[in-house]
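After this come two complexes, each holding subunit A, first together with subunit B and then together with subunit C.
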Partner chain A sequence: MDDRDTTIICRCEDLTLRDVQRAIDSGCKTLDEIKRLTRCGMGPCQGRTCRPLVSAQLSRVLKMHPSEITMTRFRPPTKPIKLKALALLKTEAGDEDHD
Partner chain B sequence: MTERAQIVIIGGGVIGCAIAYNLALSGADDVMILEQSYLASGSTGRCGAGVRQQWGTRMNCILSRESVRRFETLNDTLDYPGDIEFKQRGYLMVAHSQKEWDQFQENLKLQNELGIPSQALSPQEATEIVPILNTEGLLGATFCPTDGHCNPFYVTDAYAQAARRLGVQIRTQCQVTGIDVKQGKIRGVQTEDGYISTPIVINAAGAFSQHVAVMAEVEIPVYSERHQILATEPVAPTLDPMVISLSRHIYCQQVPHGSFLMGLGDPDELKSTDTGHSWQFLHNIARHVTELLPPLGELRMVRQWSGSYNISPDSQPILGKGGPEGFFLACGFSGHGFMIAPVVGEALAALVLGEEPPVRISQLDLGRFARGDLIREPSVV
Partner chain C sequence: MKQVDIAVVGAGPAGLHAALMGAERGLDVLVIDNAGQAGGQLVKQTHKFFGSREQRAGTRGIHIADELTKKLSTYTKARLWLSSTVLSYYPADQTLMIEDDAESIRLIQAQRLIIATGASEKLLPFPGNDLPGVYGAGAVQTLMNVHGVKPGRKVLMVGAGNIGLIVSYQLLQSDVEVVAVVEAAPHIGGYAVHASKIRRMGVPIYTSHSVKAARGEQVLERAVIWQLDEQWNGIDSTQFELPCDVLCLAVGLSPLTELLWQAGCRMVFVPELGGHVPWHNGRGATSVPEVFVAGDAGGVEEASSAMATGALAGLSAVESLGQCPDYAEATGAWSRELDALRAGPAGSKIRKGLQSLQL
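And now, the complex of A and B:
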């Protein structure tokens, strides 16, 4: 037990530095791989906190400049949104809803 | 020095990894997987993660039934240090039209005959399994308790780890740029990083399989189509089975983590390998799902994404030899490759090694399209 076990990297999914390191040790070389194996960045904030932390860790381990670390794809929504609000969205002017 | 392999598999999704594992298990040496990105980066890692046996063709029923049996013990079979998260909480398939209901009755007969424990439910009985189900306009449903959900990343990882232990080489971030065919025979594979001499190539390239086939001078009648999914915030267990409506082209389930995953098949979607997203999808899926399962309107979505279906003319995979000698196909899974991967992996490996496959798959060969022997699957989203 050391700092790595108590340093939280992804608050949404409750992941520590140790969890992230384990993923990197197992061969992950991209943010996407770490995300898929650990759920890091899959929570409500969608990686706002952990993405820079994990990419910093990757750049240290892989000895790459942080700018060379490929980001995960940015997707909607910016903030979590209720399904009932989405259901009420109007489609483009003039368009009929289609099934 | 020229690199050599006995068998090269193009595509590091669940299919490619399952085939590689089974080849190595049967004693094949020098098996290599070439993946253009990372493992499960394509359709596998983007799929809805459902595992169902309620199909309308004998072939799909058998492939999925046999795969469920394997999923049940896969952690042990592959000696996986993690957990593939196979949860059997069933699939509830709802019918809102007479045509759909009639089809379900036929499907049930077939499924039961093949030992799949599916059953017909009245709307009332359906709400006992899914209390939040809106029964308005519902004619009935079918339910199979041994259907379920499994984690595609972990299943792929489990196969890949087991394959590596048996000596399989897995190269990620390795793009195939050409296939060397001479006098009707496979000679090698050209990659961005060099040439690999091999007599056998297996095309398990998912959404890109038609491009890979062209490299081997064979045309296969498949195309890729974008399918979108959204995920919500995790909440307390609310929904046990996957709920699926074929007429509304939607499916919705709560995964063990607590998130709801829901997807929509849209006939107007892009026919390409695009994995982008659209807001129209969000509106359409939210409208359908909140109508069918009204309390979910209160859930917040946190993410949307998409992946490709690689669609064949009869919505069944193409498995077996095709084109030049030494070229094998494992593609055209039409949106249900993940759930049948365990048995497909065994069958393809057997075929390549000239052994008897666990399930007869000769009907799924490429030649069926020329012969007109299509086996159309009526029950796809």
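And now, the complex of A and C:
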């Protein structure tokens, strides 16, 4: 255990600096690749907190300017929702009444 | 599907001003906010604002929030949906998917969309940064100023921008000890008047210093501080410990831009504005004709500027619908106000950021 094991990068998925570093060492060069390997940014906050931190770490290790780091795709929904809500969604006229 | 002229996402200082511009000109305006109360960050701003009378000097943020919400409620065609979250924006048919407070979802079609989602707090990566006691400054303000709860007894403030300095002062007013303020930059970022006030109350401000680590068994007990060299690397021989049970991070904000990405707006990375922001023309127009941006989502500043950028984005959206006969006059006044807010040395960072946005 060293300092990298107690430095939290993604609070939602409980990922440390070591977890992120390991992903970069294994060849990840983009935020999406790190996300697919580690679930970084896939929790309730959807990456709002960790994205800048992972981006900064990638830019440091790969010696790239932060503007050159490829962002993740931003897909709906912006926060986790229940499937029930989607199932009950009415798309026809009259959805305003909610009945 | 329900249709509105203008949908505004976010009921903070920017969103409320944007909405008022539409409502005052007779348009159907829908404002959506995920909080249970309108006002955004204003609701925790118990301090009096600075500047001129136009900038509401002497008025407390929370009172500004009340006043704006009340004003909006006088327009029958303006609606405010609280405890509601915009889940997505589908640009092809200009549709928003919104979850309401009962967790059900509905679709709204909006001729124009104004994104005033604000910003989220930045976290710092240091060992122990998840110990209970490590807070963002926004959380500390919410605890103290909204709920009347002291976050702890001894606070170390990280960041000497205006947020760090003002929250430090509010902590002192609440009889909480502030052991020190540390600032990584070589200079204090906030206004000298705020810094002087807390210095007079005996709080040391360490510039070119940062947090090396937070330590404690179960909860935060002390912070390890060190000095930074010119390359912002910590110098081992300079480290020292400060006992504290709260470590408050006031180290900047990131614009909340998910919906702007979803809308297909051209995004630009501008560190001075807080990270990725949509390209915009200074009056809220983005690269997508139906989509406008206001407040911190378009570049992190402060509440007074958010009100002005909100008004400008609102006016631009109304104008694009052909409903703003007083556009030149109204935008002129708000633009002059915004220029005044950004003038002087305190505004140099934002001016630089806005310049590089246009490159």
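Quick notes on this structure:
The working rule: the second predicted complex is superposed on the first by the 91 of 99 C-alpha atoms of A that agree within 3 Å, B and C clash if a C-alpha of one lies under 4 Å from a C-alpha of the other, contacts with A are read in each partner's own complex, and residues count from 1 in each chain.
In this section, a contact is a pair of C-beta atoms (placed from the backbone, for glycine too) under 8 Å apart; a residue touches a chain by one contact, two chains touch by 3 or more.
Keep in mind that this is a model prediction, so the values were computed, not measured.
Superposition note: with subunit A as the common reference, subunit B and subunit C can be accommodated side by side.
Within the superposed three-chain arrangement, the count of touched residues of subunit A is higher for C, of the candidates subunit B and subunit C. Contact with subunit C, but none with subunit B, is seen for A:T7 once the two complexes are overlaid on the shared chain. In the superposition on chain A, contact of A:P77 is made with both subunit B and subunit C.
Contacts of A:P44 after superposition on the shared chain: subunit B is touched, whereas subunit C is not.
In the superposition on chain A, A:L86 makes contact with both subunit B and subunit C. Of the two partner chains, subunit B is the only one touched by A:D32; subunit C is not. One geometric descriptor of the composite model is the angle centred on subunit A: between the Cα centres of subunit B and subunit C it reads 150 degrees, in steps of 10.
Nowhere in the superposition do the C-alpha atoms of subunit B and subunit C come closer than 8 Å. Residues 46, 75-77, 81-82, 84-86, 89, 91, 98 of subunit A contact both subunit B in one complex and subunit C in the other. Per the touch definition, subunit B reaches subunit A in the complex via residues 38-41, 45, 153-154, 157, 172-173, 231-233, 248, 257, 268, 277, 279-280, 282-287, 289-290, 296-305. The residues of subunit A lying in touch with subunit C in their complex are 3-4, 6-9, 11, 17, 46, 48-53, 57, 66-67, 71, 74-79, 81-82, 84-86, 88-89, 91, 93, 95-96, 98. Of all the residues in subunit C, the ones that touch subunit A in their complex are 1-2, 85-90, 97, 99, 103-107, 120-123, 125-130, 213, 254, 256-259, 261-262, 267, 269, 271, 275-276. Within the complex, the subunit A residues that touch subunit B are 28-30, 32-33, 36-37, 39, 42-44, 46, 73, 75-77, 80-87, 89, 91, 97-99.
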